[in-house]
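Next, two complexes with chain A in common: one pairs it with chain B, the other with chain C.
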Partner chain A sequence: MDAPLLAIENLRTYFYSRAKRAFIRSVDGVSLGVARGETLGIVGESGSGKSVTALSAAGLVSAGPGVISGRIDLYSNGARRNLLDGLENYARITERDGRVMEVEKDERGWRKRSETLMAGVRGKEIAMIFQNPRSALNPYSTIGKQLVETIRLHTSLKGESEAKERAIHWLERVRIDSPRLRFDNFPFGMSGGMCQRAMIAMALSAEPSLLIADEPTTGLDVTIQSRIVDLLAQLKTETGITTLLISHDISVIQRLSDRIAVMYGGTVVETGRTAEVLAPEARVRHPYTTALLASIPSAETIRRKSYLQAIEGEVLDTIEVPRGCRFYGRCNRVTEAIRENCAGLEPPLGEVAPGHKVRCWLYPATGKA
Partner chain B sequence: MKLAAIKPVSRVLARELGITALLLFGVSVVVFAILYLAPGDPLNVLLEGQSPRSELALGMREALGVPRTWYGQYAAWFGKMLQGNFGNSIRTGLPVLPELARVGVYTLTLTLGSLALTLLIAVPIAVHAAAHGGTAGNTAATLVAYVLSAVPVFWFGYIVVYVFIHQFGMFPLISGTAAKQEHAWLYFLVPIFVLGIASGTLSEMIRHLREELSRVLAEDYIRTARAKGAAVWRHAFKEGFLIPVTEIMSAKIPFLLGGAVIVEQVFNWPGMGRMAWQAAQDRDFPVIMGIALVAAAFVRLGNLLQRVVFTAVNPRASRE
Partner chain C sequence: MNRTILEVTDLRKEYSQRRGLISMLTGQGRVIPAVDGVSFYLRENETVGLVGESGCGKTTIGRTVLRLTDPSSGRVVFDGRDITNERPSDGEIAIRIRELLEQVSLKDSKLANFPSELSGGEKRRVGIARVLAVRPRLIVADEPTSALDISIQAQVVNLLRDLQKDLGLTYLFISHDLPVVELVSQKVAVMYLGRIVEMGLAENIAHQPRHPYTGILWSSLADKQTTEVNRRVDDVTVERERRTWGVFDFEQPVSGCRFAPRCPLYKDKGSPAVCTDPASEPQLRDVGHGHVVACHFA
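Take a look at the complex of A and B:
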């Protein structure tokens, strides 16, 4: 990968459940890279760990006894910094017979360390937009004030009036009509789509290196969803901003991302160029990706009035992770030849074509696995 | 305050003042009815030792100009009240209003002082607990605060009196001479301390503020604030601090006034509570009516403050 901006290496984000005396392995060994200028889409069902991956990168994992390990390297201004540097030292895990007995975490130290690591990164280098934009904006403050706050925090514009002009400029760029009037509006007076536009304007107004869009279309009306996707596509060509896009909606990912990572049960099961991975005639495809694709209503399924394909079975329980392939329990393509492997051994993420990796026993890696 | 917020605030203010006037009228009627229907006659105080049904009593009534019917009595009081005359105390003969103003200052000092003290203790505990979760330190502090709040205020008062006055003899318990004594300032601070700690407000304030603040800190927009690198407290302040604090303050004023009656008795504090106590025993109708109205007005003032803050802060409330 050329000129990476963000490199996630073997990220593990676990939450400790006291009641069950076990870790919930939300993210379990994820490695991803986002190159400068590209959009990486992460897709997966709820609970696949895609959002937690994003929150980990933004330093927003706060839930009490959570443990994070691995590296998240951010390359900016010619320097590399690990956003997780030293965080694992704040938690001590006592294990016995493979079961977690106790997690001792110095939460204050952990949080302090995290704040130090993220200082100058959050908002400035990594900006984020969320789902449910109405509740993600401060209801007690006008749109304009919230934008001006971001601009004065992160850009060289410190004056009130010049920041205001810049804020209005950004409201125009996200195609909010009559931005001067909207500037003084409170979020409750605006539609969900408008709020998401304002969120996007706020995130971009800091001129960040990386935009993390965590389910940006979730919680919006369907028609508004496609409008927001259009806007994101336009802004991508206009600004060329590097984006980490997270969505459970594979059609949104297909539309916006250059590369794609399919996540299941806290791991990446397939990654590659979007065009390649999602190509209709693709020869190699992870069974989970196939299932996700089959769940999109296509013109074909609508014309034939056939039923949408739901993915059988439950989303993986990330506490009792199986020994074999995580998708084994729901997979419909297990053959007798590989069954033993599928049940007992986790497949590696093998490269099946240049840049295209699949975690499945069906596809033995062409290169060295 | 922004210019745009002044209009809704003045509207709320006008409405609340209207409600206050109606409420005070209602309070005066109810208190009057209770007094009228309650056994006992204020004139008994003046006619101590003599038969209340005697000619003397009737003559006295006529001499004082007390109307015979209940509505006549109320109307007479109401008419004078509108002119700012709350009548004279039956016991002392002094006009009620100046007397109320004199003792009211003491009660105001006591209740507002204790409210400030409660805030001073509750806010750091609650904010710390909301921000950091239950640590050993703030859990212990909360526990102590809860126990103190559960202690009856009169009992706590007597303990303090016993320890500081009888054991150590630090200051006298007589209001008039207190100013000349060495530890005179203690005489003012100790009742405030007792009411602030033991009135039961402390625990409620900690709980309400902690709950509201931690709810707000978990809101999506606080996560957005963190994500954009802004100061979280600036975003959480209005909904997570200002609104709950004014809410709990306005809700607790009646309890503070109730506690003040007791604390004033215990500490011989020359305030409205003690005056009310005395007046109730004497059936001193004009004084009781006056105190009831002033207390009701004070409670309404708290509500008013809360409504105004809420309207000024909350954009949804200002655009109804």
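Take a look at the complex of A and C:
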């Protein structure tokens, strides 16, 4: 890949459940790269690990029982830094016969280390927008005040009045009408779509290298959703910002991302150029991606009023990870020829075409990878 | 033609909100008309979809039909009986749990589980089983698929359709998920700020909408789904930036058509006076085949 901005390598983010005496393997060996200027979309159902991947990159996995391994490299200002550097030293795992017996974590040390690593990165190099913008904004402070604060903290504009001008400029950029009036508004007086715009303005005003957008349209009305998607598409062409976009909504990913990663049960099961992976005529596709696309009501399904092709079974819980393919239990394309493999051996993420990788025994290329 | 099982006539529900010291002292609050004169009916074994943005009053209608909320005025007739001022009895509650679980395709072994031990899809199915336990004929399904994963959502939609076929159920299907509504409903009613602005057969609502709002609802869905990867984003945005969306401002009294401030047609037609004339709020009128629209220009 040319000029990566963010490279995630073999990331594992586990959360220890005391009650179950086991790890919830939210992210279980994920490797992904985001090139400068591109948008990588991660799609998956709840529990697939897509959000935790993003949170790990933003250094927000600080919760007591969280354990991270692997590396997340951020390339900026000509330097490379591993955002997870040395973190694993703060957690010790005692295992017996492959089962976790105990986890000891020096939480204060971990948090301190994490803060050191993220200093000057989170908010500045990596900015985030979330689902439910209203709760992400400070309710006691006006939109303008919050923006000015971000700008003075993260950019070279330190003066009050120039920061204010820049803030208004950003409110304009995200198409908030009458930005000078809105500047003095509190979040509660604004609609959900408006809050999301303010949130986006705030994230971008720090002029970050990477924008992480975690479910930016979820929970908004459909009319507002399409406006926010439009806005993100526009800002992408205007600013060329590198984006890691997380969504369960495949249509949002399809519209906004250059490349896509489909996650299931904590792993990436398919990745490639969005146009290629989601092309209607695609011949090589992971059974899960296919099933996911089929469970959305298509124009054809609606016209014929036919049944939806549901994926049987439940989303994999990542405590008891099967030995074979994680999707095996729900897969409807297992053939006799590969059944043994599917049940007993996790398939590798193999390249089936340049830049297109699929984790499935169906595709012979995966055998060689 | 099946017989009518539920008839709602001129239903109104107002909430009053008090803000600030002065309104508290004078006892005057502002009145929010959550549902503002809604009429519709459901025939047995049919599904009517109710769509609209949040705050349009669709949930309030569901709650009023179930008599969880008292209407301010209007009439609700269920199975020929006026239930506006009474609560319908639950009927005989026969406990048929095993049969029910089978109907919603849950395993027997789940009987001893606590809700927290079930997955989202299973919880939703238990919810459906609980509803079925009273052998209802009409089910108000308020956002039955929201917050579920796509694959699980498909299971629940299929289940609801099976149950309708097997048990002859009637659904009032309230949802913001337009494709799902279009899939399961025979008829769809589109609500905007407390009123039905268009109602008709599902395929007509989705593909030949007569009200500009309905058109916008469905086209925003299409915009989001656009498959052309290299589409020129700019053209579209410029075109759509003309319609300024805002939130409805309850402080400003509605005069004329309540959609006019957001209406592209209103702007295209050069702001005709009839749209903002307080004396002529557009009423639902039949444009053929039982399709009704509340727009001066439909």
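The working rule: the second predicted complex is superposed on the first by the 364 of 369 C-alpha atoms of A that agree within 3 Å, B and C clash if a C-alpha of one lies under 4 Å from a C-alpha of the other, contacts with A are read in each partner's own complex, and residues count from 1 in each chain.
Convention: a residue touches a chain if its C-beta (ideal position, glycine included) is under 8 Å from a C-beta of that chain, and two chains touch if they have at least 3 such contacts.
What you see is a predicted model, and the numbers here were worked out from it, not measured in a lab.
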For A:Ile296, select first, second, both or neither according to whether it touches chain B, chain C, the two together, or no partner. second
Partner chain(s) touched by A:Glu45 [first = chain B, second = chain C, both, neither]: second
Does chain A have more residues touched by chain B or by chain C? C
Is A:Thr237 touching the first partner chain B, the second partner chain C, both, or neither of them? second
Quick check on the superposed pair: does A:Thr150 touch chain B, chain C, both, or neither? Answer first, second, both or neither. first
Looking at the overlay, what does A:Ser226 touch: chain B (first), chain C (second), both, or neither? second
I'd like to know which partner A:Leu345 touches here: chain B for first, chain C for second, both or neither. neither
Using the touch definition from the top, say if A:Ala127 reaches chain B (first), chain C (second), both or neither. first
What residues of chain C sit close enough to touch chain A in their complex? 53-54, 119-122, 149-155, 157-158, 161, 176, 178-180, 182-183, 203, 206, 216-217, 220-221, 223-227, 229, 233-234, 236-237, 240-241, 244-247
In their shared complex, at which residues does chain A touch chain B? 58, 60, 64, 107-108, 118-124, 127-128, 130, 132, 135-142, 149-150, 153-154, 184, 186, 188-189, 199, 202-203, 206
In the complex, chain A touches chain C at residues 45-46, 175, 177, 191, 193-194, 217, 221-227, 229-230, 233-234, 237, 248-252, 254-255, 274-275, 278, 280, 291-292, 295-297, 301-303, 305, 307-312, 314-315
Provide the residue numbers of chain B that touch chain A in the complex, in ascending order. 4, 132-133, 219-221, 223-230, 235, 238-239, 313-316, 319
